[in-house]
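Common to both upcoming complexes is chain A, partnered first by chain B, then by chain C.
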Partner chain A sequence: MSQYDVINSRATRIDSQDKATGRAVFIDDMKMPGMLYGAILQSPLAHAEILSIDTSAAKKLPGVKAAVTSQEAGLIKYGVSPARYDETIFCYDKVRHVGDNIAAVAATDLETAMAALSLIKVEYREMPAVFTVEEAMSDGAPILHEEYPRNICAEVHQEFGDVETAFKECDLIKTTSFVNKRQDAAFIEPQGCIADYDLSGTLTLYSSTQVPHYVQRTLAMVLKLPVGKVRVVKPYVGAGFGIKAAANHIELAACLLSMKTGRPVKMNFDREQVFLHGRARHQFFHTMTTGVKKDGTLMALKHECYLNGGAYSSFGIATVYYAGSLLGGPYRLPNMKYDGYRIYTNLPACGAQRGHGGVAARACWEQQLDMIAEELGMDPIDLRLKNMMVAGDVTCNDLNMSSLGMKECIEAVKEGSDWKNKKGRLPKGKGIGMACGFFVSGAGYPIYRSDTYHGTAVIKLTEDGGTALVYTASAEIGQGSDTAFAMIAAEALGIPLECVRLESGDTDFGVDLGAYSSRQTLMTGHAVKEAAESVKLQVLEVLSRELKIPVYDMDIKKGVIVFKKEKPDFSGLRTRYIKEHRGWTDNPAPEEDLSFREASRIAYLAKGSIVGTGKYKPPELGGKFKGATVGTSPAYGCSAQVVELSVDMETGQIAIEKMTDAHDCGRAINRTSVEGQMEGSVSMGIGEALYEEVKFDDKGRVINADLAEYKIPTALDMPHVETIIVESNEPNGPFGAKEVGEGAIMPTIPAILNAVYDAVGLRIFELPLTSERVWTAMKIRAKG
Partner chain B sequence: MLLPKFDFHEPLTLPEACQMMSEFGRKARPLAGGTDLMINMKKKIVSPEHLISLSRIDELKAAQCSGNMLKIGSCVTVAELTESELVRKNCSALCTGAKALGSPLIRNLATIGGNIASARPAADLPPSLMAYNAKVVLKKSSGERLVLLDDFFKGPGLTELQADELLTEIQIETPPPYSGCGYINMGIRKAQDCNIVNVASFISLDAPDGLIKTARIIMGCVGPKHLRACSAETFLIGKKASEELFAQAGEAAMKDCSPIDDFRGSAEYKRAMVGVLTKRTLAMAYEEVRSEN
Partner chain C sequence: MKKLISLTVNGKSYQIATEPNQTLADLLRYELGLFGTKKGCEMGDCGSCTVIMDGKPVNSCLVLAMQANRRSITTIEGLESEKGLHPLQQAFAEKGAIQCGFCSSGMILSAKHLLDKNPKPNEAEIRSAISGNLCRCTGYQKIVEAVKGVRG
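Up next is the complex of A and B:
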């Protein structure tokens, strides 16, 4: 039995009925009186100088209310990291990728807006373009941003310990290279928004975003409005996976158009524009050299990585750091050297996607660890168990594993998959493989340098005391955060979940950095818990005065006041409560316990509105070296997976048959949601491992910019996933909770790579493992 | 993506529909399930001024067996094909193809006529239909003609259909005794996929355990239209079925196809898969022959 009344259960999500019945409101469902439709003109060329833009014909088209370019928008630069603000709303000197943004129009309907776009005349002078890392870094290559020679957007050089000296003590040194492909997160709802600049000069943006707060700041900065005059509201969102974790061009353009026209303006990306906006997982080129002792002790890792970044920075600086820093764990690794380079190319910008920066690196390394285990004659699980960290360990790059159920995860999947009877014993064509991973539970620092709180929350009791209203600016994007926070509030306050009503995703509710870096459960969770505790204390303080009982001798549980010592005579309070509810038929009977509702009504009568606030900011984390902040977190989740698959020896087709998946999420707030994240991660991992790749033609145009040709797994491609929740008690998490949203994807790809090796004896170092790639590898081997 | 503007017509009878087709000619397109046409219209690949919906014409929605002839109306949906006892019993490979097409949502809308008339080289129904030697009825106001499906396809998106003609029916002679057919489609993932290669093979024997009398092998995605593996078919005639024989037929089929490199796969891989799928579908066909004895 759980010691909790609300959390740690399988409570039904608070939004599931609305979503199942179609009542949940998404941007596409929204309409406002007088609303205009916007459309954005995007470059057909990958790299070109803009000689002129003429919007006069577009403006003359009946129904067109505004057409804007950089002339109207101005040239204020923005982006994700202030160190690399390299975007403007509209291009002015040149375009840097197919889909780069040039102008926008607003018209009375979408047909007219589209027709207006076709009337905008742009003169270009086409320039040579670079699409690959090699092209971009070669001598004499065209430069995307003058300030960044050789198109190096960012580089990282770190060394912890002394790798070369450590290699001298090693018995085995192994080098491998690995490359993944550019991803699209394939969220179901394309970006969309409605901007409404009202007559009082307040700008409200309704947007499909993961980060209302960052969008608010970007709008205020670029459009030169006070933050207090900008409100960002997030309706229900059909997922984001990192791609919606920064302001996009249509959000800015819609606001600009609304400010110009004084009318609400709606804008949407179509699916192709989702691909042209990009910002999903980079393509990474990793080369890793690992040194170990005969007994399997990991000694050192030398790691070099190049990222094909696309035309702008987006999250890329964090990405190139994460690609290195996230190998610090979950194994004890005393020496680590990392050289990372993020390169600008004339393709849509890449950014952050689930498992930010760490997924390809993890795949490369975990496959290499398997190769090492084989050469040492060790079971790959034993190699991992030997090196794994435990709670309290600190990595060589100063990441503190305040809790870490790594051992429990490994043992759970070993047991759950019947590893010892399968590993090395399956027939040809069938394979089993495993891998591990870990991830941050929220970035230790905000994206902009700041001492800001990462999350604030407000809880207000209704005057009858029956309901707690929770207000948070956090972002429910499908992952279930609203439910988690309602549960945390109910648990901390001691009331049933039905007594909590929650509103979120509105910058008017406070500050919350949003849904990225797997941060909300831990960080927003802390803020909500603190607010709930404050409310509870305020109610108990009033009771304490009324009943002359010290606060610490009382508690609230399941909606009832608990008196730890002798039960006092509270009939006076009850009489007062009942007097205020004459005619009510549900007034408490004399023998009933004192309810929370009665108590908080009494508190309201004494104090007015009972409002509690909460906030959270991580303590100072990490080392002192350059880039030490990236990878820091108040806590780390970890996971292990075992995959079983078969390979068709004639076609090369891989069928994933079973996945045994264990994840340490600290205390599980909602067990069903935790499993949902685990299964969703497996699905995304399988897609990247087997099918997904954004493909371009030789002009930099996406050739598979739809979900027919960009292949994500279907329900039929999903194996049975046996999810095992491992619960460590995270000292830095609310009720001991930490992440599951992103870490859960880490082991999937390498577990598949290792299982393919087990099945067919081939190591493949390039994703995706399409049937053709596997078939080709088998054929090359057959030829000898 | 927005649909271009068009006039929408909803005839209730076939003569009415044919009349409209002859009136509007090239300016019109028949609309069946719309799963292909709507996308092409949104992408502005086609912009017909008139859409003539076939969905209210009941006579296009029936599947029946009369004598030794299975007749399937062009507006029978793919979902109905997957559930039809008639189809499963007489043309199991067509049923396999129908089950492989799209997703439940698509199958509920998509029709057999639309799958044929769109003439995509990767489509899931033509291979088995051709393997069963199906014919199609093409109808216009002034009369109708019966065309062998083999002769119907002219190239990607190109068919024997004239601007004023409708495809109204698919006719399949119920297969002779000791015959069987197999269909396999191969894509990147298990469903909702454009095939990389698809193959259907039909064989009939001259006696329960006899020699191969007829063979038809149809290959998709490896040419401008669905191709017959002629040399593989010839090779099989008069021989006794065996795994070894089917493997050799697969080798022959690889020479009968003309795949190209594209972003879905290399020509080399597609050719190799023709070999594998030919071998496997022949084995399926033979399995069906034996299971019926």
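Up next is the complex of A and C:
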């Protein structure tokens, strides 16, 4: 029996009926009076000087209301990390990738806007372009941003302990390299927005975003508006996975066009533009050298990584740090050296995607750990358990594992998959493999340096009593955060979930950094819980005065007032309540307990509107070294997965047959949603492992910018996933909760790599594991 | 040039003037205000615009409005009855088959078409029936479980 009344259950999501009936409003379902339609002109070239832009013919086309370029937009630079603001709304000196933004138009309908784009004349002088890390770093290579020689956008050099000395004490040292491919997030709803600059000078942007707060700040900075005059509202969002976690070009262009025309402007990306402007997973080139003792004790990791970053920084500085820092755990690793380089190339920019920075690194290392286990004659599970951290351990790079159910996760998948009877015992062509991973429950610091709260929440009781209205600026993007916060509010306040109504995703509701780095359950959850506790206290304080009972002798549970000692005579309060509700048919009967509805009405009569606020910001976290902030978090979720698969020995085709997945999410707020995150993560991991690769031609053009040629898993590709929720009690989480949305993807790819080895005896160091790649590897081996 | 077409949508008859290049998805969304039909790719790849036309699921982004002339269309808005939500809608909501919800309309309609044809599908048949509807959030498992829960 759960000790909780609301959380830790399988409550139906509060938005699911609207979504099941088509009533839920997404951005393209919105329309405003007088609304114009915008479109952007994109560069057809990967690298070129802009000699001239002529919009005069476009402006003359009937129906066109505005055409803007950098002339109108100005040259204020923005981006994600203030240390690398390297973008302007429109290019002015040169274009740096196919799709780079030149101009935008607004017209009375989309057809006219598209026709106007074709009338804009741009003269270019094409320049040599670089598409690979090698080309970009070679001597004499063209430079994308003059301030960054050799096209090095960011580099990281960190050493914890002394790796070289530790290697001297090792019995086995293993080096492997690994490369993934650029991934696309392939959420089903393309980004869209409507900007509305009204007559009072307030700019409201409705947008399909994960981060209303960051978008608000970017708009204010770039468009030179006070933050208080900019409001960002998020309708329902068709998922984001990290890609909608920063202001995009259409958001800025639509706002600029609305300010120019005084009319609402709608802009959408089409599917090709999602590929061009969706800053998804980088391509990473990892080389790792790991040293261990004979008994399997991990001693040191030397790690070098190059990221193909594309034309702009986006999240890239954080990405290159995460690629190193997230190997600090979950194993005890006393010595770690990391050299990371993010390189500018003339491809669309990459950014953050589920498992930010850590997914390819984890795949490389967890495969290497299996190779080490084999050479040492150990079961790969035993090697992992031997080195596993426990709650309270701190990594060599100062990440504090305040709770860590990693061992429990491993035991759960070992048991759940019947590992003992399968590992090494399956017939040729069938394999089993496992891996582990962990991830932050929210970045320890905001993207811009600030002492801001990471989340605020306001709860107001309806004046008539009985309903708690929760307002948070957090972002429901499909993960179920609205439901989680409604549940947290209900639990903390002591009322049923049906008595909570929640509004979110609006910067007018407060500050919330949004849906990225798996932060909301922990961080926004804390803020909501605090607001609920404040409201509860205010109600109980009024009751305390009225009934002459100390607050601590009362509680609210399941919507009624609990008197811990003798039940007082509250008939006077009840009479007052009923007098105000003459004619109501649902007034409480004399024998009933005093209800929350009555108590909150009495509280309103005493004090006016009952409003509680909550806030959260993490304590100071992490070490003092450069880049110490990236990877810090108040808590870490972790997971282990076992995959069973078969490889067709004739074709190399892999079929995933079963996944067993255990995740420590702290206290599960909504068990169904936790499983949903686990299953969704596994499916994205399977896609990246087996099929997904954004491909370019030799001019830097995406050649598979659609969901037919860029393959993501369908229902037929997905195996049954056995999900096992492992609950720890995270001391830094609200009700002990922590992340599940991203950590759950970490083990998937390496588990598959390890299972492929178990099936066919081949180690493959490049993704995706297409049948062609596997077949070729088998052929090469056969030739000896 | 616009041409007049007649069609039935969710049991109601309409006569509408439509451009020859207007898709059925756009007609449903922007002319009839039935926004439950979603557009994810407009190339027939994602299935989020799935509607049922004369008993068959179609990608409404690949059907011209003109081709829907004298046809009968069911959209997600047509599934509710006086009794409330369709059992599939209820099951999707309760079983966690919906996350972001953008694929849900098309997914539910594909599942409905399956159950109309085959009231007792096995898991492979369910997966096959929804394989033209992409979902990036759920990994499909809870969707499959929701359909299983409704089958006869």
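Observations
Everything below uses one rule, namely that the second predicted complex is superposed on the first by the 783 of 784 C-alpha atoms of A that agree within 3 Å, B and C clash if a C-alpha of one lies under 4 Å from a C-alpha of the other, contacts with A are read in each partner's own complex, and residues count from 1 in each chain.
Please note the rule applied: a residue touches a chain if its C-beta (ideal position, glycine included) is under 8 Å from a C-beta of that chain, and two chains touch if they have at least 3 such contacts.
Quick caveat, the model's predicted, so the values are computed rather than measured.
For chain A, the partner that touches more of its residues is C, with chain B and chain C as the two candidates.
When both complexes are overlaid on chain A, the residue A:716 reaches chain B and chain C alike.
When the two structures are aligned on the shared chain, A:114 is found in touch with chain B, with no touch to chain C. With both structures placed on the common chain, the touch criterion links A:770 to chain B but leaves chain C unconnected. Contacts of A:695 after superposition: chain B is touched, whereas chain C is not reached. Applying the stated contact rule after C-alpha superposition, one finds that A:185 touches chain C and leaves chain B untouched.
Using the contact criterion defined above for the overlaid structures, shared-chain residue A:704 touches chain B, although it does not reach chain C.
Look at A:650: by the touch rule set out above, it reaches chain B but stays clear of chain C.
By the touch criterion stated above, A:270 is placed in contact with chain B and with chain C alike. The interface of chain A with chain B overlaps its interface with chain C at residues 270, 708, 713-716. Contact residues of chain A toward chain B in the complex are 110-111, 114, 270, 650-651, 653, 690-691, 695, 703-704, 708-709, 711, 713-717, 770-772, 775-776.
Of all residues in chain C, those touching chain A in their complex are 29, 34-43, 45-46, 48, 75-77, 79-80, 85, 89-90, 92-96, 98-105, 108, 126-128, 130-144.
Taken together, the chain A residues at the contact with chain C in this complex read 10, 12-13, 15-26, 28-29, 185-190, 236-239, 241, 270-271, 477-480, 672-673, 675-676, 679-684, 706-708, 712-716, 718, 720-721. Taken in their complex, chain B has these residues touching chain A: 1-2, 103, 186, 188-194, 196, 263, 265-266, 269, 272-273, 276.
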